[in-house]
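Next, two complexes with subunit A in common: one pairs it with subunit B, the other with subunit C.
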Partner chain A sequence: MASISLDGIGKSFGRTRVLKRISLDIRDGEFLTLVGPSGCGKSTLLRIIAGLELQDEGSVRIGDRAVDGLPPKARDVAMVFQSYALYPHMTVERNMAVPLVMRRLGALQRMPLVGRLAPGTERMRASIAADVRKVALALGIEPLLARKPGQLSGGQRQRVAVGRAMVRQPAVFLMDEPLSNLDAKLRVSMRAEIKELHAKLGVTFVYVTHDQAEAMTLSDRVDLMIDGELVQIAPPQVLYNDPDHVNVAAFVGSPSINLVQATALSEWLASAVRWAGDAGNLDGVTIGFRPERLSICNEGTAGSIAGRIRLVEHLGADRYVHIDIARTERPLIVRTHPHDGPDLAPGATIALQAEPKDMLVFDAAGRRLRKRPCDATEILIARSSA
Partner chain B sequence: MARHLLLLSSAALLLGPLVWMVSLSLKPPGEIFRASFSLLPEQWYAAENYMRALTVAPLPRFLSNGVIVCLTILLCQILICAPIAYALAKLQFRGRDAIFALVLVGLLLPHQVLALPLFVLCWKLGILDSYAALVLPFIVSPFGIFLFRQFFKSTSDDLMHAARLDGYSELGIVFQIMLPLARPAVIAFSILSITSHWNDLFWPLIAIRTEELMPPALGVITFRNEEAGSDYGPLMAGAAIILAPLLIAFLAAQRWFVEGLMLGSTK
Partner chain C sequence: MTIVPYRRSVGHNAAISAIGRRRTRDRQTAVMLAGPGILLLFILFILPAIAVFAIAATDWQLGAKSFSFVGLRNFELLWQDADFWHSMINTLAFVSVCVPVTVGLGLIVALLIEAESGFRAFYRAVHFLPFMATMAAAAIAWESLLHPTIGLLNQILRSFGVQDTNWLRDENTVLPVLGAIFVWKNLGYAMLLFLAGLKTIPSDLYDAAEVDGADGPLSRLATVTLPLLGPIAMFALVVVALRAFEVFDIIKVLTQGGPGKASEMLLYTLYVESFEYLRTGYGAAVSVVFLLIVIGLTLLQVFVLDKRVHYQ
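And now, the complex of A and B:
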């Protein structure tokens, strides 16, 4: 078990700066998820932790030692790759045994024929086989041990890859989008298994994903990266309710947050966001509403904005209502309970309400503006009655 | 239809001399220079020809020389080319592209151009007229480097990363991960290497004097000059005998051979 500490990690490939002085502390036993758009440097960061890529600046500590000069095999980390990277010419059993064979047997003992004669080899091989079998049993892949990776389904390969990482009991697990090649259903069940695995092993996990459901359900903390920089690191709930950046707000939540240019809402909310821009300059300011934080009311209600229903989606427990309001390109999505509120039919004219405290305001660069108006509700009401 | 005709006629063109060689090796001397043409002999003389080929000249000796030399060359080539190809395909270092360009130049150079410098080199090393002289000039094969590099390049980096994490050394990755995966390329390369050195006449002619060290092709030539004179029956029998191992090996490995050469073109 080990904590990981990154201090000012920078990396460039040729001219492009892929990582810009990233500093990050991961606690012992924590499940940290890295999310972010494609190409933002997540895999590169993972490879730097593993020692597969060398950083240009900064240092990596695992546990209580700096590992910058150590080769990958000496860092006590295991990695599960997106492509699984199983050795195609070896059986599942040999694939899983490799990390142990390379660690426990000497060079002489590993030789094909001579090795058998070296003292202790037989016993070592037997104990390795026993360890492999134990892990295979735990993952339910024991019947597959004699097969080659080419004869396995995607989900089975994924388990083998996890098994190969598990057998040698590393202090740190690095996983690079391990579930992205699986179908949706399998992904959900494997997600639960990975969570159990983390609980059982209690070691540090660093997990890369594009899937926000994975990020939200698995993690102790989620770390959003954009263009080689950390934007926010926080527990999933905080990320959802209190994002620091518009991209964080947009990444978490499904359906995703409604983002509206403040200028489009100026008549409704101008005063509420006046404190946002300098002297009421709303250019570029974005306001976000979570779909469940908007409510539908009758037209003409005080402090509301008029809209027209474009589409109603019934999802059993929930109902998503798409509403067009003036001067916005995309409709706002409102999440309601099927029997709440007035009768909703496409084409109907209704109005929307929101609590000022539920509005997330972002400046032109996407940064969150947290300063609260002195009393936003009052302003809203004052505006609407004016 | 036209395509088949084309293939058939070119196959006939290639196989014609081979068939004729076998046919001659079955005939008695009298029939060989007869004006009328027939593939099968009137009087079977195969046993006599092949017996003479095997007894008059040290043909078995030539064959075993060929086996020793070809296998040593092949082994050295693989041991040397695979790590170079791996470095060129997967590692980042200064001057890599320049080195690869040199490999391509090497690919273009015919071996004959290098014969004189190599002869001088072997003379300086004092290894002329020995197995070493037959092996040394060929142990670095630009074609092998090129072929393996193309193959290694097509494997995913993740595989190499996984191997490093699992504890393989770089050489371990080359010989235990990359080469086994490159089996079709290895087999294709082996066949090309073995046939070209088995049949090589030019370099052995320069490097070898002693009859005991002669590889098959050179052996058969001297056999013609010294022993057989114009006795073509046994000569053809000898030629047939030295060709047979190659044919058998090729037929056995044909599938992988084609696969290996197709590799670059389909990916």
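And now, the complex of A and C:
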């Protein structure tokens, strides 16, 4: 078991700066997820932790030692690759045995034929086989041990890849989008298995994904990266309810957050949050509303903003209502229960309401503006009088 | 009510005949697309092969007006012909040494080039050039290199005090020298195959091997590179073996099978029998043996080795 600590990690490929001084502490036994849009450097960061890539600056500590000079095998980490990277010519059993064979047997003992003659080889091989079998049993892949990867389904390959990572009981598990090649249903069930695995093994997991559902359900903390920078590290709920940056707010949540230029809402803000200032102060300010934090009311309700229904989507338990309001390009999406509120038909004029505390306010650079947590009113009032 | 099933059955029949029409059309398309190829294959390969088998059963001499069928007589003669066996053994020895050496060196050169980053294209071109060169022209260069008195090789050896050797006229050296020229010529081809093969190995596998602890050059080779090059190696072995079996040009240009018959090999024997002694029927019998070897090698690749070395 081990904690991981990254200190000012930087990495460039040629002229492109892929990671920009990333510092991050991962607790022992934590499940940390790296999420972010494609190309933001998640894999690169993971590979630097694994030792497959060397950072240009900064240092990596695993447990209580600096591992910057150590090759991957000496770092006590195991990695599961997006492609699974199983050796196609080996059976599942031999695939899973590789990490143990490389560790426990000497070069001579590993040789075909000759190795058998070296003292102790037989006993070692038997103990390796026993360890492999134990892990295979735990993962339910024991019947597959004699097959080759080409004869397995995607989900089975994924399990074998996890098995190969597990056999040598590493202190840290690194997983790079391990579920992204599976179909949606299997992904959900494997997600649960990975969570169980983490609970059972209790070791540190660093998990890369760009699937926010995986990030939200699996992690103790989520680390959102954009363009090679850490934008926010927080538990999933905090990331959702209390984002530090407009990009975080936009990345997390489905359907995604409604982002509206504050200037488009100035009249409404005046009535809703009793903001009475100069519209110029709202330049560049963006206000975000989570779809479930907006509510639909009858036209003319005090403190509401008028809108027209563009589209209603029924999703069984939920209903997404797309509403056009004046001076915005995209409709706002409101998430309601199917039987809530007035009758909703496309074309109908209704009004929207929101609690001031549910407004997330971001400045022109995208940074969250907050005096006290979630207190949009005060921020807006403060800015208008400034 | 009575009309419905009637109409339904009409529709049903119509569907069946539509499917039938479509099948016929598909078949016609297939014949049209594959036909020319099959025809060419027939004219260029199968007919000549049949002709060779037929001629091998006659005592026909090239240009003769008449011939008679002699059944397996030519093969009997072949079986008893010490010269044929000599040529056969030469060929087998040549193949069994040159093929592994060519493929092995090709692999080593490919690995070295792949490991080097700077002058990759240059090295690749240098090694591939001999394969592109016309053998007849290259043979002349080799002849001058190997010339007993003015050849560069002997001059160099002389400076080390080694006695002159007449490389191409000495029955102890002629086969190894021809072998070396064969390796020189075909190395680049094997190398190119391996370079292409190396490109297809996913880099993830090397990463996985590194994390698993197989990070030394040798254990990387043993865990990932060599096993994944298996199919390519198989292909290279068979193709180079075919080229070794049909080695002809270097013999024709450099030694004419000599000294004595020391460098005679199967295809050269075939040529001499057919076109110098004009014993066409007998030559055809040699061709049949040659064909069987080639077919055997091909089948070996298709049925046995392909199954054992492909993974998916």
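Descriptive notes on the structure:
In this section, the second predicted complex is superposed on the first by the 360 of 386 C-alpha atoms of A that agree within 3 Å, B and C clash if a C-alpha of one lies under 4 Å from a C-alpha of the other, contacts with A are read in each partner's own complex, and residues count from 1 in each chain.
Methods note: a contact is a pair of C-beta atoms (placed from the backbone, for glycine too) under 8 Å apart; a residue touches a chain by one contact, two chains touch by 3 or more.
It should be emphasised that the depicted structure is a prediction, and the values quoted were computed from it without experimental measurement.
In the three-chain model built by superposing on subunit A, subunit B clashes with subunit C.
Looking at the shared chain after the overlay, A:R335 reaches neither subunit B nor subunit C.
By the touch criterion defined above, A:R157 reaches neither subunit B nor subunit C. Look at A:P99: by the touch rule set out above, it reaches both subunit B and subunit C.
Once the two structures are superposed, subunit B and subunit C can be ranked by residues of subunit A touched, with C on top. In the superposition on chain A, A:K148 makes contact with subunit C only, while subunit B stays out of contact range. With both structures placed on the common chain, the touch criterion links A:F81 to subunit B and to subunit C.
Residue contacts after overlaying the shared chain place A:P71 against subunit B and subunit C alike. Touch criterion met: A:H89 reaches subunit B and subunit C at once. In the superposition on chain A, A:R293 makes contact with neither subunit B nor subunit C. Common to the subunit B and subunit C contact sets on subunit A are residues 47, 50, 52, 71-73, 77-79, 81-83, 85-89, 98-99, 102-103, 164.
Within the complex formed with subunit C, the subunit A residues making contact are 47, 50-52, 71-73, 77-79, 81-83, 85-90, 98-99, 102-103, 107, 110, 148-150, 164. Residues of subunit C that touch subunit A in their complex: 202, 204-205, 207-215, 218-219, 222-224, 227-228, 230, 311-312. Note for the complex: subunit B touches subunit A at residues 156, 158-159, 161-168, 177, 180-181. Taken together, the subunit A residues at the contact with subunit B in this complex read 47, 50, 52, 71-73, 77-79, 81-89, 98-99, 102-103, 164.
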